[in-house]
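Shared chain: chain A. Partners: chain B in the first complex, chain C in the second.
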Partner chain A sequence: MQALLDGRLWLITLGALLVLVGVNTALQPNFLDPSVLQSNLTTFLPLVLVAVGQTYVVLGGDIDLSVGAIVALVNVTTVSVIAALGGTNEAVLAGLAAGIGVGLACGLVNGLVVAVLRFQPIVTTFATGIVFSGLALRILPDAGLPVPEVFWRGYAGGAFGLPTVVIVLAAVVAVTAVVARRPFAIRLKAVGGQRAAAFQTGLAVGRLRVGAYLLSGLFAALASLCLTGETASGDPLMGQTLALSSISAVVLGGTALAGGVGGPLGSLLGALVLGMIGNVIFFAGLPFEYQTLVQGLIVLAALAGGVLVARR
Partner chain B sequence: MPDAPDALTATGVTKRFGAVVALSDARLRVGRGEVHALLGANGCGKSTLCKIIAGTVARDSGDIRVDGEARPLASPRAAEAAGIAIFYQELSLVPQLTVAENIHLGHEPRGAGGFVDRTARDESTDHLIGRFAGVAGDTFSAKTRVADLSPDQRQITEILKVLARRPRLIIFDEATAALDRRQVDVFFSIVRDLRAEGVSSIFISHRLDEVFAVADRITVMRNGETVGDFAVAETDPEAIVREMVGDVRLGPRPGKRPAAGGEPRLVVDGVGGGRLKDVRFTARKGEILGLGGLQGQGQKRLLAGLFGAEPFTSGAVLLDGAPVAPRRPADAIRAGFGLVSGDRGRDAAFPGRSILENAAMASLVREKAHLILARRLSARFDRMLAGLKTRYAGLGAPIGSLSGGNQQKIFIARWLAARPLVLLLDDPTKGIDLGAKADFFAIIRALAETGTTVLIYSSEDADLLSLCQRVLVFNGGRITADLSGPALDAVGLTRAAYGEAA
Partner chain C sequence: MKAAVLAAGLALAAVTGAGAQETFTIGLSNGWVGSEWRTQMIEEAQAAAAAWAERGVTVNVVVQSANVDVQGQIGHVRNYINQGVDAIIINPNSPTAFDPIFAQAAAKGILVVSTDAEVSSKDAIYVGIDQKGWAMQSAEWLAKTLDGKGSVVTINGVAGHPANQMRVEGYQEVFKGYPDIKILNEANANWDQAQGQQTTQTLLATYPDVNGIWVQDGMAAGAWRAIMAADKTKSIVATGEIRKDFLDLWSKEGLTSGASVNPPGVMASALNVAVHKLMGKTFKDGVFGGVYGNAIYIPIPFVSNENLEENLKAAEGKPGYWSVTAEVSPDEAAAFFQ
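Then we have the complex of A and B:
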């Protein structure tokens, strides 16, 4: 049992997810209908994306508290660019590109300040998050500015006989699988696991940490585009809970907050677990207020479990 | 037949760290395919020279040629590009990664599209591990996580990590410290195989018998300069020890007191943990007991264990007949231990806080003070600090306004006020000037007169020789010699440090 779980803590997360799916199906018999599954996945997908990006930063021994603010900044940038260019199909593409560019730029700023100027990651990304939020409010002070129909219809629809959200999820899994097989993944874990050893081995520690923040910014941007597809408008206050939820998902997925151990697949499952907890509470008829409480207790339990495993 | 250029020639290498001259004139010549031992007492500069060759420390001046070609060796990468690899005793492995991931870290075998070729990586790792087949243990494979390895397996992993880089010159700094006899034999056969392939090695070891078993030539350093270069076949351990010590004629030692005849105060009974193995000794009341030997042989670990900073994993400690087992420094302080460390920035100073706060801290812990009256405290410490010959602007001045030597006097005052039964000194004279050192020694002697037992580790043998009546010499985590009386001199210390019977 222990050999099986060694380095595969996400198996526990997967088990928890299956239990939640079972309970949810019992409470809500049509849960497994394709349309219901799709609408659930649409709700969960932004957190999945942000959590996957957050995983790389955490693996490298850092943390990114600015991801929620990046989501908001990317959203207002995208809708503003689309509106400014007249809402044509080309304008939508330009808006998507601008959003992704902004996400990468935010990640680059975080990475440079943390890895090159060597500021504390937790304080730095807390502060840059405030700056990004401020920029978002400057660009779009009030919620509004609807996106063209093609944007949200495309997101709600599908291609190749599959819903768009499923394609996005599959693409995320494919990207993480590719990254996991690059030298980058091992070196990043080395940086998070034992920074002095990584340095003495001649690894480009700073560049690896910047790379992790870039990935975090990229995935936050993708999450923002999904949220925009869902809400179909701009909102400078979007995604405020995503930073801490993504860290919860990372922890639930078995990635050590100290760095060096874990992987994005676990975080993906962790994000789905967090979403399913909300579902189950809703369909069990419990007051909504319990959702946060239960999520908090579960994250605490996951942290305690991680510590117990590490101490054995 | 024209001679091939030497693998490495270093001449006139100098290095200063602040006011301290680490190297004044280091020379080293290592032939192609030669195993070259670098020997010397603590602080002779051999580690500094190796770090310069490995590119982790920059030299001030001097010429270093690799295969006849002048090289600046400005960074670890530059040294690696020149074909030089260094074996690190610690800090180079990532515990969360597997053996294969560690060994190939930064040099991962790539397959199509730049993806890591895991099969090739694990196969080449298992092939490397195969060189230690039969002596490395069953649970040791490419896929084992380093966190799950025993200390000897970790050391073997470090060795394999160096070999996987296929260097032309390898620096082995204490590469055999954690290995058992059979593993050392395998390691030596690897070193000889490398020699046959034309790979040169620089070999630092705390065991002269190993040096004479594997090395072709020996360079001896003393006080930052190279004093000689010998062929192993033409010399013997006795001559090498004499070269390391030099011809110092020690007069009567200053401040030497008759051996203490007090009652036993501290009984250490078979403690272990980390490098330490089965260490046992008794220290008496009023005794100043030295912990000697080369650096990193377990002396610091013993002090950290007694002080509760890194608790022992086995054995027992008796203080005045009662067992003590501190799990953290606060326990040790209340039991009556004190510690003065040479690494003031890490272990002692509260930077930016006042001299008074820095001096009072241990007393406050010992007395479990809950309410602190600054006026009463300063009256108490003013008197005590006045006796230390320390000049300061006022008790409220920040600790950083004092020189290293004067800071150290404040930190020892911290313990004088707490009246410890046992004072532990961990390389306390590091980086302090001679005048302050003399004052410092006087304080220690006065403290011992009052019955306090003092345990001192120093990286300078001269400190031990001038302070102690008795020195326990550590080698590989064990006490290998207990020197006192006429046996306690520079030659005896050096010989014992290198594992030669006294």
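Then we have the complex of A and C:
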């Protein structure tokens, strides 16, 4: 058991996910309908993306509290660019590119301030998050500015016989698999696990940490584009809960907050578990006054369970 | 076996089709739980649903209420769609973000009614007050009480929130009609009573000769506390709010105040309209108006020094957090239909 779980804490998360799927199917008989599965995946996907990006930062021993604000800033940038260019198909592409550019830029700012100026990551990203939110409100003071139908119909639809959300999920898995095979992944874990030792062995610690923040910004941007596809409009207050939820998903997925141990696949499963908990609670028919409380308790139990199994 | 189930189902459909006993399931979604107002809103809607039993209609409600962002509330709607409810009543966190999901709900034949904040979706209707009219009514009161002249500060809710935006437009329009009223500052205190109090303190210190304060909702209680602390209850008039504890204070301290009522009964009103619609009725021509042309506006009561006593009487025995309310009854709702 111990040997099997060594370095594979995500197996526990997978087990939890399967249990939740079983319970949910019992409570909601149409859960396995393709349309219902797609609907659920659409709900879970943004958190999955943000959590995957967050994983890289956490692996490097840092944290990114600004991801929710990046999501909002990318969203308002994308919809504003699309609207400014007249809502054509080219404008949609330009908006997508601008959004990803903004996400990367936010990641770069975080990375430079944390890794080069050596500020505390938790406080820094809390503060940059406020700056990003402020910028989002400056760009789009109130919710609105609908995107062209081609945008959200494309997101709700599909290509090559597969729903768009499934393609996005597959692409995320592919990207994480590629990153995992790059030297970057191992070096980043070294930076998170033993920063001084990593520095002394000559690793470019600063550059690796900036790289992790860039990935976090990129995945936050992708999450934002998905949310824009789901909401079809701009909202400067979007994504406020994503920062802490993504950190929960990362920890649920078996990545150590201290850094150095874990991986994005676990976070993906962790995000799905968090989403499924919400689902199960709804379909269990609990009175709404208790839903949030029970949700919190189950998340706590899941986190504690992972920690206890890992300790043994 | 399958045939038997099918036959039973058809028989059941025939019975319900005959209209002996109609049963509807309605999902209620609330995306923000920061105030008792929202709790009262849900409780009144639940009571309104139960009251339909007297008319031979069973209305089951399913409630989802939590602090969620727009995406989380879209999750509420998805759950209702997947569950197969007949109607969804939502106090939405965004005016536009629900367009795609409401389209999906409508495609499955689900009636969507938003309340308290308007939505742009063509697939939904709005039943609630006109937030702009709400603000205009109290701004008008403030301007008249000040005899059309003086310095005013305003304290608003959350910047970027649609209802807040409409309210700001409302008072700005009214004050524009009074050239001798000067708006010195427009602050945001996030609909938080404590922040409302702090902001008022700061504003009073910055502008010692302010004559009027236009402040939204529960923040008014905070603002009035700051006014009382500064010993300016006689020299400043400010808008008030509709919670019982504030009405008590208002009466006890002899304040000069006026409050537009955004009744927590809006969701119950929306539910009563929805049930008529679910029973197959058709809306009258011309009932819809509003920014998006899909809104049914309901009356906005007003509390001022003139009718304060009546409102206090109605609030007797209620807890301090209880808000002055009103609801469109099933009979009144029927007037919207052919």
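The rule is simple: the second predicted complex is superposed on the first by the 286 of 312 C-alpha atoms of A that agree within 3 Å, B and C clash if a C-alpha of one lies under 4 Å from a C-alpha of the other, contacts with A are read in each partner's own complex, and residues count from 1 in each chain.
Heads up, the rule we're going with is that contacts are C-beta pairs under 8 Å (C-beta built on N, C-alpha and C of every residue); 3 or more make two chains touch, one makes a residue touch a chain.
For clarity, every value in this text was computed on a predicted model and none was experimentally measured.
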{"item": "Room on chain A for both chain B and chain C (clash or fit)", "value": "fit"}
{"item": "Which superposed partner A:Q291 touches (first chain B, second chain C, both, neither)", "value": "second"}
{"item": "First, second, both or neither for A:R181, with chain B first and chain C second", "value": "first"}
{"item": "First, second, both or neither for A:A190, with chain B first and chain C second", "value": "first"}
{"item": "Contacts of A:R118 with chain B and chain C, given as first, second, both or neither", "value": "neither"}
{"item": "Vertex chain A angle, Cα centres of chain C and chain B, expressed to the nearest 10 degrees", "value": "130"}
{"item": "Touched partner set for A:T231, first chain B, second chain C, both or neither", "value": "second"}
{"item": "More chain A residues in contact [chain B versus chain C]", "value": "C"}
{"item": "Partner chain in contact with A:R138 - chain B first, chain C second, else both or neither", "value": "neither"}
{"item": "Chain B versus chain C as contact partner of A:V261, first or second or both or neither", "value": "first"}
{"item": "Which superposed partner A:T201 touches (first chain B, second chain C, both, neither)", "value": "first"}
{"item": "Closest approach of chain C to chain B (Cα atoms, Å)", "value": "34"}
{"item": "Complex contact set, residues of chain C against chain A", "value": "42, 62-72, 74-75, 78-79, 81-83, 94-101, 104, 120, 158-162, 164-165"}
{"item": "Chain A residues within the chain B interface of the complex", "value": "6-7, 178, 181-183, 186-187, 189-190, 192-194, 196-198, 200-203, 256, 260-261"}
{"item": "Residues of chain A touching chain C in the complex", "value": "28, 30-31, 36, 39-40, 42-43, 46, 137, 140-146, 152, 156, 227, 230-242, 278-279, 282-283, 285, 287-288, 291-292"}
{"item": "Of chain B, residues touching chain A in the complex", "value": "56, 76-77, 80, 88, 91-97, 101-102, 105-106, 108, 110, 114-116, 118, 145"}
